[in-house]
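In the two complexes that follow, chain A is the common piece, with chain B as its partner first and chain C second.
Here is the complex of A and B:
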């Protein structure tokens, strides 16, 4: 049967019979994506815009209910800008930069996530997950109208997979019965419980955290809070061992209570019990509606390898983290960003299949970094031994009085994009004295230029960024875009890319990560680095 | 004596956090520079203070760990060490707050390189505080050598000239 596993917020791709279901032999597609969450949709859009035919199979017909992922980071919005759907997200999302940390109701300190000027996009927006998904789907619809080869199939559940020598065979269940399908490549974006991973018998190693969290989305009627992230350790209201408060669009607030491991979920989710916690926190005279509630537990773990032959895993299916720090959906979107240009290059015959191994390599390292940060946050927020609890409280006390101790406070260190330091795709770092933050492997830092923000000018292909100089003659025939920009040493662009030097040329990948940089490269320096960045060396 | 030890434990916590405030502002190079002193570098000296605190508090609580607590790797990150030291200082305050006259007269076993001995608990605690003050003075000198203005580490007990950051410890004493 194909019953919904959760209620839908929007029914945006209702089941429709495909001609594939009537074909005598299974129809073959270049790419099949399993799962219509943020990561699957981003992959479909990215590949479609690169003119790679892609079929997305989802066992539901649109985004599910609940704010869920909620916090979308700057890097995600930069990727969405490249894909052409960031505008409505930023317009609708709640922009916030300020966080406050409390311990037993005393403010320990506050932090600004983006103390630096010269970025087009905010550090974070809060936007309900179904809204994020709807904006990606809107963009997919517009791209389809313009000819992008993207197909979304609702109520199509993959029941079996089999690796073929040069592809994957799939059995798909629909409300009108099963059909068979083949794909050159499959991307598994089917979430933390990934049926694809289970069908392939692949493991998922890591650590289970023994604590539960209750989320209540509420609409307040007669009160409000500022647009800030507030985190309480051991609040006096005792409604949770820790409590997190976040603003959402439409006057909705997320309250997140740490409620312990040994809880009766059904009992805790009953409205009077949820209200008891909220009233303890907000005071009895605050009037609110409950919009959505949920209890979650979590694990920090990842697959050993994100590529298995012709099957690639991205997002929660490949790695799972705690929600502290907003590392789930944000890292999944970075997976999509990393994978899609590589897969498109392989399919177009411009790069060897080995390029896809670099996807696995780079994003495994990113997942490890996320898991480490997420684990540390979790250990700090939910200390499980007396000693770690004492350490936590000593640090909070110290941080209240001494700025130097604040880096030790970890209420969910917020997601920043990974730098692929040891990537096999990285070329030379040949600009002495250039800033660390833009070394090979780094995601490009945005900065304003005379003709608009840098990241907008990079687009989504290999780009040579020439700062205060010209590219060597013949470089424009290498198949890269060339972007010339002038910058002063004092400006944001100069500070982020030149440091103490007067000029530089950066080779930038389609996912806007730096591949190599030089002060004055020869044509062969550049073409060698380009070959390496395409996985040919 | 209990009251005095409770005050010393707070003085210790305050002086350590004040000292770490200056130490954590130093560059890695300044921290790792060898300076004329018994321990050579600030990180080694501060790790020594910390580990001796671990050793004596364990002995005071008769935790039985003995010299095994000294088998550790120095914490290189001074901010992390500041957090660990603050936790240790809080544990020492809590221990001193629970002292009785009878406890102070008891003897507790102490493991030495040449075997087990024992010490009167009251004098063992006095020695802990003496040890800390002795070494913090050395850190103070090393900060001067590093070219930074070392913080005052002794304006805690008197009403005259008491620094504002010490006040919360006195308030806490009176609340307790």
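Here is the complex of A and C:
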């Protein structure tokens, strides 16, 4: 009845009976999260650290096996830094910068991601999903010990939901039978197949891509490849119509073969058949262990609305993209980042419920951007028509000799955080000549300062960042943190936040996105922008 | 004909939003037969060639295209 749907990597929250199961009437919780993947765990941790009591229900007892999400982007690591769990991720993850693109047996070109200077965190790390999840759970355990009101309930499967006028009623199945719960708010982080979405009868429309991909994670015995991302279009080894090779921690390599639509999954996943593909690619004399294999297909789609009354959807349950570009888990973590401060403010009575509509607005636009990028990558990697295939190969042929064609080669456009340009929460952009990259709606770019990196100083509350000037008197009573920093026009901080101006004041949201900026605001300018950023205008 | 400066074929990136351009180009062919698409490509090349106008540039482009292909 409650059998595992997949094998566990770690059993970190085994089923334990809760007193809620013995209550005569359903116990009410401020927030219930459905799903213990990266997004659900990040929401639980973020809300718990904000002292919002949260119960996470997962039908399993810990992270599942298999690396699945692999490539975690800088913005995700910045959010993890705010949540206090980035350290072990970066220490364990593999940092990479160099990518090589091959067509048939020729190298078309190589690229270096050359990360910009002046950021605390790398552009990307490769880290297996269960490791990422384990580090978040470790952090949750530490937060719990320090009093954070977070509860993780394994083998608790939600069987039915019902919206109440001021909350949600849930029926939950456990190994010891069912029980009822109530929540003021529910966050659905239950993945692309979201049972919650189905129970609520909500649509999930989009485009199906008719192709299958075989993943093999392998451990090399006597060989190694460099720490680079290698992508083959139509490799001459014919083991896949395209092939991706990427490094993971512990000497494990991810190989991803595009194998076509009409495949017999059971047959393809048999070890001798997987090895046949790997041997064709690596050469028969290379010795390796198979760590994990899987076949996946994908769609690009999203829900029309991420908020339905008291139920909010985040991560794959709300939007699904192709894997090219690492935009799945990374965008889900940004959902959590965007949602949790808003939900905490609404629960604390500091903001109206309408603030949650801005979550839907901002993250739907972000999902569209991710879907657009991942769809374009997919169309380039797996051309849908003869003429599209011909153009794709023409681009690859030209890219071998001419630089102009290289920006057209698309083997995945790697995840970058969304800028919420048209957000109703945005206030004035009143610094003439200031850089575009830090306009209202943008995620703050990190930069080093005399007392450490900027993003560390911003933390997770509304902040007034005063650069080369003081905030107007009375501003420290607005309930924002105030961070004063001095910067020169040549330094990274000055270049990213001042441009040609000598001073500026930024109002920054708890998710480290810019809400407004001015050269010399009055107190009422700031308090109006703050009201707007809390959804009160 | 007005005098034109002698210019070389541009082979460095010169198209803003390359992904957007590429997806428009591919979308132009949606739903067309192979023959239809080939004819469309021919018309497109002729329009672009006229826009470029410079015979040296056009000749250099033809040579670059011929030299970078692989037999399939």
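One rule holds for everything that comes next: the second predicted complex is superposed on the first by the 535 of 537 C-alpha atoms of A that agree within 3 Å, B and C clash if a C-alpha of one lies under 4 Å from a C-alpha of the other, contacts with A are read in each partner's own complex, and residues count from 1 in each chain.
Going forward, a residue touches a chain if its C-beta (ideal position, glycine included) is under 8 Å from a C-beta of that chain, and two chains touch if they have at least 3 such contacts.
These figures come from a predicted structure and were not determined experimentally.
More residues of chain A lie in contact with C than with the other chain of the pair chain B and chain C.
In the superposition on chain A, A:379 makes contact with chain C only, not with chain B. Of the two partner chains, neither chain B nor chain C is touched by A:18. Legend: residue contacts after superposition of the two complexes on their common chain; A:104 is shown touching chain C, with no touch to chain B.
Look at A:144: by the touch rule set out above, it reaches neither chain B nor chain C.
Of the two partner chains placed by the overlay, chain B and chain C both lie in contact with A:408. Of the two partner chains placed by the overlay, neither chain B nor chain C lies in contact with A:299.
Touched by chain B in one complex and by chain C in the other are residues 387, 391, 393, 395, 397-398, 401-402, 404, 407-408 of chain A. The residues of chain A lying in touch with chain B in their complex are 387, 390-391, 393-395, 397-398, 401-402, 404-405, 407-408. Listed in rising order, the residues of chain C touching chain A in the complex are 10-15, 18-19, 21-23, 25-26, 29-30, 32, 34, 37-38, 41, 64-65, 67-70, 72.
Across the complex, chain B meets chain A through its residues 17, 20-21, 24-25, 79-80, 82-84, 86-87, 89-91, 165, 168. By the touch criterion stated above, chain A contacts chain C in their complex at residues 104, 373, 376, 379-380, 385-388, 391, 393, 395, 397-398, 400-404, 406-408, 410, 413.
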